[in-house]
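See the structures that follow.
Each of the next two complexes has chain A plus one other chain: chain B in the first, chain C in the second.
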Partner chain A sequence: MKNLIFALALIISGNVLAADSQYQLGVNGLACPFCVYGLEKQLSKLPGVKQIETDVKQGEVRLLVKEGVVLTEPLAREAVKKSGFSLRSFKKLNAGE
Partner chain B sequence: MLKLQGLTFCFLMLNGFMAWAAPMTFNTALPVADDEFLMRFQSFVRQSGNDPSTLDRDLKVKAFVTVLGYGVSSKLALFGVLPYLDKEMRLSVNNQRWQRNTNGLGDLTLFGRYTVYQQNQLGQTFRIAPLVGVKVPTGEDQETDALGELPQPFQLGTGSWDFFAGMVSTYQTLDYQFDTQLSYRINTEANNFEAGNEARWNMSLQYRLWPSSIQHGFLYAVMESNLIYRYQNRINGYDDPNSGGLSLLLAPGIQYVTKRWIVETVVQRPVVQNLYGVALENDYTFWASVRFNF
Partner chain C sequence: MGGSVKTVLKFFGLIVVLVTIFWLIWNPSPQEPGYIFVSAWGEFNDPIGIAVSDTEVYVSDSRHRKIQVFDFDGNFRRAFGEKELGRPMNLTIHEQELYVADYWNDKIFIYSLDGKLRRSIGQAGKGPFEFDGVAGVAVNNKGELFVADFSNQRIQHLRANGEFIEQWGTTKKVGIKAGEMNYPTDVAIAADGSLYVADGYNDRIQVFSSEGEFLHKWGGPFALNISGSGPGWFATVSSVAIGPQGNVFATDFYNNRVQKFAPDGTFLSAFGEKGTGSGQFDRPVAVAVAKDGTVFVTDLGNNRVQKWRAKP
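On to the complex of A and B.
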């Protein structure tokens, strides 16, 4: 019985992880590591954001957002603007992207 | 000793210490994000010993400067700068060598910077930001030692409220960064002494030497220049003929930049010093600093 419950828990948690959504933001104006902190600080304040990865060279930020939370482009644009940069593109990634 | 009042210790005044970001000896127009804090700890040693007068003056100023910046919005940033100073002066009067020292907190500087223009593109940004500030007379300005009251330029604080304004511009790419700043400083009178006003034109070029990965940070080679014109000081309402003049300083340095901190060092040396009278010339200034954001 215990094994069955554990297996169920694993399946459920796996589903939760799989349900998190990923977004890719293109950010203009980013040209050095020190500026990344201010951008990530603003993005981390967005609801549901669990993880942020920034590629300075490509001017891209990947956000992992909690299941059930939808990140909208205006929200992302405002956060990027608050850090002093400009949103170039906004895309919700499909699983595996 | 009264004669000292009429002499200028030209590089005694702190300058460039308000810098917080990319350039080391002045400011930048790069953004401070909304609700972001910046902290900078900067130290420098300034040696001035090339004395054209017969006093054989030798002046060393050591400073530890704390800078706190805050982003009120993505365009408006406020800064506070507080130096701790240690000054030592040696000079010969009547064939006797004298030494005078003082140390303690200097004057507090507060200033704001507002971005009026920005153009962001992939991997590059261009910005223009005026700045305006005030130096508050928080440092001791009537200190005495065994020889009497210290000369006004040698005091920790000026005792005066001084004002400055300028414009800084930055163009930054992934490979290099160029900053330039024009500024003008108006000094007011206190204790019958008024330091001459000051006009500056600063430039900085930073070139990325190594590598592109953010995990490892960026290593920049830096070259900065400071063209400074100081008007003559006024003592008891009269111009001091041994003060003020034109200086051009060059400062090669190196800077390592990560996401959370920057460490940097630079040596600033004069290449031109056309000073009035027997104003004391600067030999070099060695700077080192570390900055954090949070």
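On to the complex of A and C.
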């Protein structure tokens, strides 16, 4: 019984994690912390955004968006523009990417 | 034929004279012996702002959303601010209180030096007393605040209670003329009340009198946003601080150095170079100067604080 509950818990938690979506944005001009924090501030206002990771050197941002929420490219582009930058690329990542 | 040779020679002579004048004016020699590296320390995730009291160094550990405090030898003393801070930026100390510019919350948080939150001021927006990315703050002897309102492209001058007095720069408009701003990052007040502005992406320092009048500016030729690595030039000014003798220290972010100037903008010395070793920087963000002249610098990419001392 214990094993069954443990297995169910694993499956459920796995599904929850898998349900969140990841997006990768390429952003031109990222450099100083003032700029990066400004971008992160705008992106954090987008619906469903749970986590933001920025790679300044690559000019890339990874967003973790919660289950059931879809991030569209126009929304992302507008948020990036509001922070004073331009969106270079937009990609929804598959699990494991 | 002889006439045209003379014309060409005159032309090249003129060029040589102009280049020489340019070189002499905008490539000044150091007026002081400079600084020597003493030590480095810290466990940070994006150390940004820095301020010093009589005995301690305060560092905004930005991605850890807190302030870390050390003694002058780098021994950790305490940390605070985790509950309320978002992205703490440049810092200032005035009358035993620490002023923290919080970029994410668009507020200035004010703490006692032992870390107790006393009050906060500001809110998000572009109106008077509203901020869009607070980057730095300074306080004059009347308790009035000067706020580097980064994305609003202005410096706001506020009474101690937050009431708006005036601003420099046009809200949301980048400008290059005297008094206009291009993403200002920090401010500092000299003993005579004059205001020094790190006009970040204009690659210059601007100075205003205690009455608010523009006095002068410097940073490359005519301080007109011409970026460079020569003495007195900048590649993004990310903070400004006043030393005990009234001299001006500025972090020259992409040039990986700190520059020191007389109050009138005369270049005095510079220290630092790119790297990860002792005395090297990976994008220094902020500088603070103790009463004895010791200089402390946040070294962003190397996630540490560096301590420097003037050469004898």
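FYI, the second predicted complex is superposed on the first by the 87 of 97 C-alpha atoms of A that agree within 3 Å, B and C clash if a C-alpha of one lies under 4 Å from a C-alpha of the other, contacts with A are read in each partner's own complex, and residues count from 1 in each chain.
As a convention for this text, a contact is a pair of C-beta atoms (placed from the backbone, for glycine too) under 8 Å apart; a residue touches a chain by one contact, two chains touch by 3 or more.
Here the structure is a predicted model, which means the values were calculated and not measured.
Enquirer: Following the superposition defined at the top, how do chain B and chain C come out on chain A, clash or fit?
Expert: These partners clash in the superposed model.
Enquirer: Looking at the overlay, does A:28 come into contact with chain B only (first), chain C only (second), both, or neither?
Expert: first
Enquirer: Let me test your reading of the model: by the given contact rule, A:74 touches which partner, first (chain B), second (chain C), both or neither?
Expert: neither
Enquirer: Taking the superposition as given, does A:47 touch the first partner, chain B, the second, chain C, both, or neither?
Expert: neither
Enquirer: Determine, under the contact definition given at the top, whether A:84 touches first (chain B), second (chain C), both, or neither.
Expert: Touch status of A:84: both partners.
Enquirer: If you tally the residues of chain A touched by each partner, is the higher count for chain B or for chain C?
Expert: The partner that reaches more residues of chain A in the superposed model: B.
Enquirer: Does chain B (first) or chain C (second) touch A:37, or do both, or does neither?
Expert: both
Enquirer: Applying the stated clash rule to the superposed structures, which of 117-125, 171-179 or 189-197 from chain B runs into chain C?
Expert: Of the candidate stretches of chain B, chain C runs into 171-179.
Enquirer: Across the two complexes, what residues of chain A are contacted by chain B and by chain C?
Expert: Comparing the two interfaces on chain A, one with chain B and one with chain C, the shared residues are 31-34, 37-38, 41, 84.
Enquirer: Give the list of chain B residues in touch with chain A in this complex.
Expert: Touch list, chain B to chain A: 21-22, 30-36, 71, 73-75, 115, 118, 120-125, 172-174, 177, 212, 214, 217-218, 257-260, 262, 291, 293.
Enquirer: Taking the complex as given, what residues does chain C use to touch chain A?
Expert: The touching residues are 46, 48, 62, 87, 89, 103-104, 133, 135, 150-151, 183, 185, 200, 236, 238, 253-254, 283, 285, 300.
Enquirer: Going by the contact rule set out above, which residues of chain A touch chain C in the complex?
Expert: Per the touch definition, chain A meets chain C at residues 31-34, 37-38, 41, 84.
Enquirer: Under the touch definition given earlier, write down the residues of chain A that touch chain B in their complex.
Expert: Contact set of chain A toward chain B: 26, 28-42, 54-57, 59, 81-86, 88.
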